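Two complexes follow with chain A in common, the first pairing it with chain B and the second with chain C.
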Partner chain A sequence: MEYLSIFFQYVGQYLKTRLTYRADMVVEILSDFLFQAVNLVFILVVFGHTTLLAGWSKNEMIFIYGFFLVPFSIFASFFNIWDFTDRYIVKGEMDRILTRPVHSLFQIVLERMELESLFGAVTGLVVMFYAGDKLGLEISWYDPFIFLLLVLGGALVYAGIFISLATIGFWSDSRTDIMPMMYNIGNYGRYPVDIYNKIIKYVLTWILPFAFVGVYPASYFLKRDEWYTYAFLTPVVGLVFFMMAVTLWNIGVTKYRGAGN
Partner chain B sequence: MENIIEVQNLKKAFKSYSSRQGLKGAFRDLFTRNYTIKTAVDDISFSIKRGEMVGYIGENGAGKSTSIKMLTGILTPTDGKIVVNGMNPHKEREKFVKTIGVVFGQRSQLWWDIAVQESFRLLKKIYNVPDEQYEEHMKDVIDTLDIGPLLDKPVRKLSLGQRMRCELAAALIHNPPLLFLDEPTIGLDVLVKLKIREFLKRINEKYGTTILLTTHDLSDIEALCERVVMLDEGKIIYDGPLKELRENWAEGKQIQFQFSEKATLEELQNLTKDHLVVWEQGESDLIWVASVDSDETVISGVIGKVTAVKKIADLKILEISTEEIIRNIYVEGAVRHG
Partner chain C sequence: MGKYMEMIRIRFLMMLAYRTNYYSGILIYSINIGAYYFLWSAIYGGKENIQGLSITQMTTYIAVAWMARAFYFNNIDREIAMEIKEGKVAVEMVRPYPYLNMKMMQGLGEGIFRLLFFSVPGMVIVSLVFPVELSVNLETWVFFFVSILFSFIINTQINLLAGIATFFLFNNDGLIRAKRVVIDLFSGLILPLSFYPMWAQNIMSYLPFQGISYIPSMIFTEGFKGSQVFEALINQAVWSAILIIPVYGLWVLAKRQLVVQGG
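Presenting the complex of A and B:
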């Protein structure tokens, strides 16, 4: 409860700062929006030539893409930890974090949040409604709740993977290119996994479970019942990966060596 | 009085690997690495009582920062026992840090982009300080540090001195009984330094705040601390009153001569061969410093002998400064006990 009130205090502060740099914010939202548009155009171009890919229609693919954007934008708003090693370990900012009576990971989430990225979720919803309408999907009263649950699960999957990667910084502060690579791998989750070969599918399901961010949960709304088990595993996988990441983090903090000065 | 800090046989070793030379070496590094273990803090023990102000001094790399970081719960000790405010800093970190205040001179606690008072409000929330306590205590802190006019400015627009005063206030928001200050006066001008010292003395008197201070500026320590703990190569080489340190080391005086003509070491040694004098050249070959015992006959004897032969432009008798004492201690590597 206390954490929630700290969270809102930070959000308030964040908005205040952002509003003082109005021009900056507008530019950022615009560029975010453009980025989404380019991605969408890419999908439209690819599927302009094929109407079916491994049994998935163009509109289904667009729907999956739209769904993917929602958990991803939540992840991108709150788990901006791709530069954790540089910013907090090498520059020693972690010292400051560790002298405050709030969980260190929570503080970093608060400090690094970028609420503008949440506009990606709006784009995602628009895309989903557009594709859903073309597919003639129906929405039941409980679907919004399931949607929230699945989105949360997807965001936790993403967060779990990236937090685990960030914890490497506690052991070794050398530069690695794992983070950008992982962003690329993450993008595979927005396409149906059965278009890949078996090994990649296995990896995307159980090792780097990015498929739980896009295709699996989205298949619930597409009424693809052969994937339902996976769809409902989404929150479970999310929780498991997130808990694992937090445990790793807590171990990592005890190994923190500090920046020399 | 009870001990607020208790440290027993504290040790911190860092494992780091050294790379071999050349390409061949790099390949060998891939398979077997050469580890070297560097002991930053080597088996130190001390305790600090409530209300004490203790100066923690040492050269760069002596282990000051490392031990402070263990005391504040940032680093996990390799070995040994620490109890601060009745808790184990690292194990119960989140609960523990509510009872301490920390100022790192080279690192800001405040948010760069937002006004100082907004930073204070966030910290108040983080430390969960009740409104009444905050109002009453912070009003006092803000008045004493004279930062009232700065509160609505963003931190990035403050000068270093202004920022440092705000940092101090930020560290005291939850009115902690124990305050760690790591180089709090680094890069500040004399006036700000004085203000900060005055403030520290005041909170120590008013709230009985225990203060552990590291600094390179020994005048801070002289002004504030009765006790110093001195570290060298990870070991405590002196722990006791500053006064005693001065008495045992500052036995001598220095006489600085500025001659109007060149002087040589031999010549000067010859002149004062009846007394125990150590001659050292100053900034130019006109300036020479004689270190002698604090004995009136010796001092006047040396001055008499020298001035009888050499023309002088200026003459000063200097007390050996604390700075010099510390330097001497490091050169000798151990502390003489009186």
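Presenting the complex of A and C:
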């Protein structure tokens, strides 16, 4: 309960700081929107030259992209830890975090949230409904609940991978470019994984399971029953990776020696 | 001239000190190119060519587009924004050389470093793994290098514009991000412009962005032939000249606007 009230207090403060630079906030939301549009344009232009991509149609691909946006925007709003090593370890900010009586990861999530990214979820829903309508998909009464479960699973997959990578900072504070690379690799989970060769497919399923944020869960709604097993594994994979990440984090914190001032 | 050479050299040496960062960078680009290779193979499906590009040319196009990006890409927009926010720009402006030229030279130093330590080894690795076709025609290489020089100029001018905009907005992370996305899309980095529908191609032919990635990549893959190459290079040269006007115009206005927030 205490965590919940802390959460809302942070949200309140956050909104105040964002509203100071209103013009920038509007541009930032627009630029997110633009970024999502670029990916859609890519799909549209590609399907101007082909009708099927490894057996998937244009509207199915658009639907997958729309689905992907929802868990991704939740992740992007709360888990901005891509610069964790620089910001917290190298500059010694972690000292401040550790003196406070709230879990360290929770504090960092709160400090670094970017709520405006949640607009991406709205875009995603609009895209999904548009594509779903074109495909003539039907919605059952239980689908919204399954949707929430799969979205949560997907967001946890993303969070788990990025938290695990951030914990590297506890052991080595040298700069690496792994994080931006992960953002790129994350995009490949949006395409039907059968277009890749076996190794990449395996990596995207079990090692860096980004396919569980895009094509696998979306295939449930697209009624592709050959992928159902994977679709329903989504929450499980999400939980497992997230728990692993938190465990790694807790071990990492004990190794933290304080690099700054 | 001497002082500019020195700026390029210093930035080059600065980058050299952190060169280990770049080994992981090569990996990033290779993985990127690899994923695009599989994606495009699926898109081609079995087709001989799309819009006059074969699958080998397409792979080469993507490989060279990403490697050339390492040369023309720089963060001077962010640097200028930081310097304005921190108030350092006031000190920079009293120094005995034009601020914008200095920024451009630093960008060039970075670009040359990345070209030598990143693009060249990266291209070697990529062409070993994927079916990339490197031209044996010396002319193609010469035109390509002239072309990426123009890419650098155009891209840097756009970066300067985005950076100077901080004077008016104070905080313009959003604008810088938007600019990056627009360039990725309209420059032909992710998709050759000839893949777009005609109406979109018409609009883009009036914009400077095609000079950043599409033109050098098409020259390298020999998708442009004969007079097309010259027309493309002239297009780049004209844009490089035209863009000087808004950059200097905005800079003059910005200096009047100057509010030093710190220092």
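Definition applied: the second predicted complex is superposed on the first by the 260 of 261 C-alpha atoms of A that agree within 3 Å, B and C clash if a C-alpha of one lies under 4 Å from a C-alpha of the other, contacts with A are read in each partner's own complex, and residues count from 1 in each chain.
Quick note on the criterion: contacts are C-beta pairs under 8 Å (C-beta built on N, C-alpha and C of every residue); 3 or more make two chains touch, one makes a residue touch a chain.
What you are looking at is a predicted structure, and each value in this text was computed from that prediction instead of being measured.
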{"item": "Which of chain B and chain C A:E28 touches, first, second, both or neither", "value": "second"}
{"item": "Which superposed partner A:P180 touches (first chain B, second chain C, both, neither)", "value": "second"}
{"item": "Which superposed partner A:H103 touches (first chain B, second chain C, both, neither)", "value": "first"}
{"item": "Which superposed partner A:K198 touches (first chain B, second chain C, both, neither)", "value": "neither"}
{"item": "Winner by number of chain A residues touched, once chain B and chain C are compared", "value": "C"}
{"item": "Partner chain in contact with A:A54 - chain B first, chain C second, else both or neither", "value": "second"}
{"item": "Touching residues on chain A, where the partner in the complex is chain C", "value": "21, 23-31, 34-35, 38, 41-42, 45-46, 48-50, 52-54, 175-178, 180-181, 184-185, 187-188, 191, 195-197, 200"}
{"item": "In the complex, chain B residues that touch chain A", "value": "14, 65-66, 69, 72-76, 90, 93-95, 97-98, 100, 102, 104, 106-109, 111, 113-114, 118, 121-122, 125-128"}
{"item": "Complex contacts: residues of chain C adjacent to chain A", "value": "18, 21, 24-25, 27-28, 31-32, 34-35, 38-39, 41-45, 47, 50-51, 169-175, 177-178, 181-182, 184-185, 190-191, 195-197"}
{"item": "Contact footprint of chain B on chain A as seen in their complex", "value": "2, 5-6, 9-10, 13, 16-17, 20, 92-96, 98-103, 254-258, 260-261"}
